[in-house]
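Here the chain labels run A, B and C in written order, and each chain numbers its own residues starting at 1.
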Amino acid sequence: MYAINFGSLAPYTDLLAAGLVQTAEVSAATLAIAVPVGLGGALLRTSQHPVPRSIAAGYVQIIRNVPLLVILFIVYFELPELGIKLDPFTAGVTGLSLNTIAYVIEIFRGGLAGIPPGQYEAANSLGLRPHQVFLYVVFPQLIRISFPALGNQVVGTTLASSQCYFIGVSELTSVANQVGSTTFRYFEVFVVIAVLYFVVAQTINRGWVLLGRRLLTDQPRRVSG
Amino acid sequence: MDVSVVIIYVPQLLAGTLTTIEVAAGSILLASILGLAVGLLRAAKRRWLYLLLGVYVEFFRSIPTLVMLFLVYFSIPIMLGFDIPSFPAAVLALGVAGSAYMAEIVRGGVESIVPTQWEAAYSLGMRYPAVVRYVVLPQALRVALPPAVSLYVALIKDCSLVLLVGVVELTAVSMNIRGTIHGRNTLGIFLVMAALYFVLCYTVAFVGQQVERRLQV
Amino acid sequence: MTQPIQLSGLDEVRNPEPIVAVRDVHQTYGRTEVLHGVSLSLSLGEVLVVVGPSGSGKSTLLRCINGLQPITSGEIHVGGVRVDPHSRQIFLLRQQVGIIFQSFNLFPHYTALQNMTLAPMKVKGLPRAEAESMCRELLSRVGLAEKAGSYPRELSGGEQQRVAIARALAMNPKVMLFDEPTSALDPETVGGVLAVMRNLAEDGMSMIVVTHEMGFARDVSDRIVVFDKGLVIEEGATEMILKNPVQARTRAFFADILKA
């Protein structure tokens, strides 16, 4: 009869914490790259010119229908054949970014579709130049519309970072497996990291909502006069 | 890129693809049935049921699929004392995780039905199960179809992870082949693998689109 | 009494220096030609009302005048400058032409005041203090001084439209175009917007107004242009047209409006 003993994990808390930090770093680096690039990609995706539009559309289609693991393997194992040898962390961030960019493009594309054409008409008719129209009229509305979906994506990317285990990144899942194979306490360790992932996901979710309230809620200015 | 090298391995690749399809089919089936049940129960507006199942849904949506696989194949057997074979473990892990997403999709579909539809059905004397079966579900399914198809595609892609639990599906096969022919054309194998997944996923997405089109009211 | 059907030549004789001159403009959208050779002109300080059935091309014409939509052939001049949507001058020209839309198109993430100060600050380079005081004054002129800090969703339709008018005025335009400004409003709020437009006209603004509000047309406008299927079918002094429309289609149109 298996005796559940979470205490057996005590010596390994530092290791697990390091794994969690690595997960955070991979995810943060990925999002820092993927969100801006995805925004650019969405602009290409909604461009008037057929060439950038199809390239962006094609990219999204490919990534959406190919597993992340395959992309990670290609980045980590094949690029060296072409002369680009990446360490696991960089390969992980690259592969995860390529994946996340496609989803971010779709999120922002949906957001752009939610902006009424009248907004562009009004902005243009006031004499604003295209970059000003984007900066002051389009982007603020785009961010507000896309905010919830972006939050989901942040969680999704963080969870997906677990797949970097397969290319040797010492993120949380990989560390848990190490601990498990050392102690054979596979039950305890994976329950713990499941709970950790759960806490992380919930924290990101709530934090995102609060962030939205701080940054995006309109502050009414009842200035007199 | 030398294509002839790849041709030798076509039977293996197809066998692997078949395994992927089997795992995917099993997971999709499990996720759909379980998710439908949980989603409908959650939409039934019984607070305790909503909260209880809410824990289920939130939990399984907040952990990576890979961790699910570890839990089902390594953790639970060790605790319970008996092994779970690879294939069932894979289907169970992917299916249960998928059911949590499916539950939310189903709930979203049901809740998209305007209250007036419910009122009309109830006022005709129907009870909850009948209302759901004849009035709500047909309409809800239309709303739920696109995200459900998205979920199915995601489940197919998740199959690439089940090599962890010893299921020899497409990714495992491809990596084996790559090990064998290491040094020559390994990119070819990866591209073939990617292409096969693409075909699987795109087919499901395409069929989904066609069904959506037929269902347009 | 003969009522001349519009001739562009006659137009130029009467209005030697029009602030808006539209000559034989054709506009195609996709495969359909929307404007089939439209000509009209607006003099400084004049109020022109454009009427006609839905889909007759009136909105398109307005959007062509400030370069929001390109024309296929013909010429449009505003203040003597040719309207060319692809030239770099178009931004300067748009500062001269204000346009008010049926759906207000206020920026939802800005307060009323911020909606108004955006363009003066970013396009004209006005410093914030100056822009704000100018805009507050304009808000008072349209009767909404106390709503400076309100967001569009907190305002009624009529109030939003008045803010939209003030926003356009903040750029100090020479011409104002109105595209069915009251069509989307509740009947109670229509009056407020029309009053603001009337004041503008009395202050000497050159205006082209597409509308169904015949009362406004009769009281405020100098000339009426009747549109149908992408062509001007009748135009002239307001009183004359309203009393004695020559064309059968014009008569039918007025009959329909009066029924509604």
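Note that in this section contacts are C-beta pairs under 8 Å (C-beta built on N, C-alpha and C of every residue); 3 or more make two chains touch, one makes a residue touch a chain.
Note that the structure is a prediction, hence the values are computed from the model and not measured.
*Asks:* Based on which chains touch which, is the overall arrangement a line, ring, star, complete graph, or other?
*Replies:* Basically the chains just string along in a line.
*Asks:* Just to be sure I understand: the centre of a chain is the mean of its C-alpha atoms, right? Then which chain's centre is nearest the mean of all of them?
*Replies:* A
*Asks:* Indicate the whole-number Å distance between the mean C-alpha point of subunit A and the mean C-alpha point of subunit C.
*Replies:* Subunit A and subunit C have C-alpha centres separated by 46 Å.
*Asks:* Which integer distance in Å separates the CA centroid of subunit A from that of subunit B?
*Replies:* Centre separation, subunit A to subunit B: 21 Å.
*Asks:* In angstrom, rounded to a whole number, how far apart do the mean CA points of subunit B and subunit C lie?
*Replies:* 56
*Asks:* Help me check something: in the complex, which residues belonging to subunit A touch subunit B?
*Replies:* Its residues touching subunit B are 1-2, 4, 61-62, 64-70, 73-74, 77-78, 81, 155, 159-163, 165, 173, 176-177, 180, 184, 186-187, 189-191, 193-194, 197-198, 200-202.
*Asks:* Quick one: which bits of subunit C touch subunit A in the complex? Just the residue numbers, please.
*Replies:* 63, 66, 68, 91-92, 94-95, 97-99, 101, 103-109, 111, 113, 118-119, 122-123, 136, 145, 148-151, 154, 164, 167-168, 171
*Asks:* What residues on subunit A touch subunit C, complex-wise?
*Replies:* Residues of subunit A touching subunit C: 116, 118-119, 121-129, 132, 136-137, 140-141, 144, 218, 220-223, 225.
*Asks:* Okay, in this complex, where on subunit B does subunit A touch?
*Replies:* Listed in rising order, the residues of subunit B that touch subunit A are 58-59, 61-67, 70-71, 74-76, 78-81, 153, 157-161, 171, 175, 178, 186-187, 190, 193-194, 197-198, 201-202, 205.
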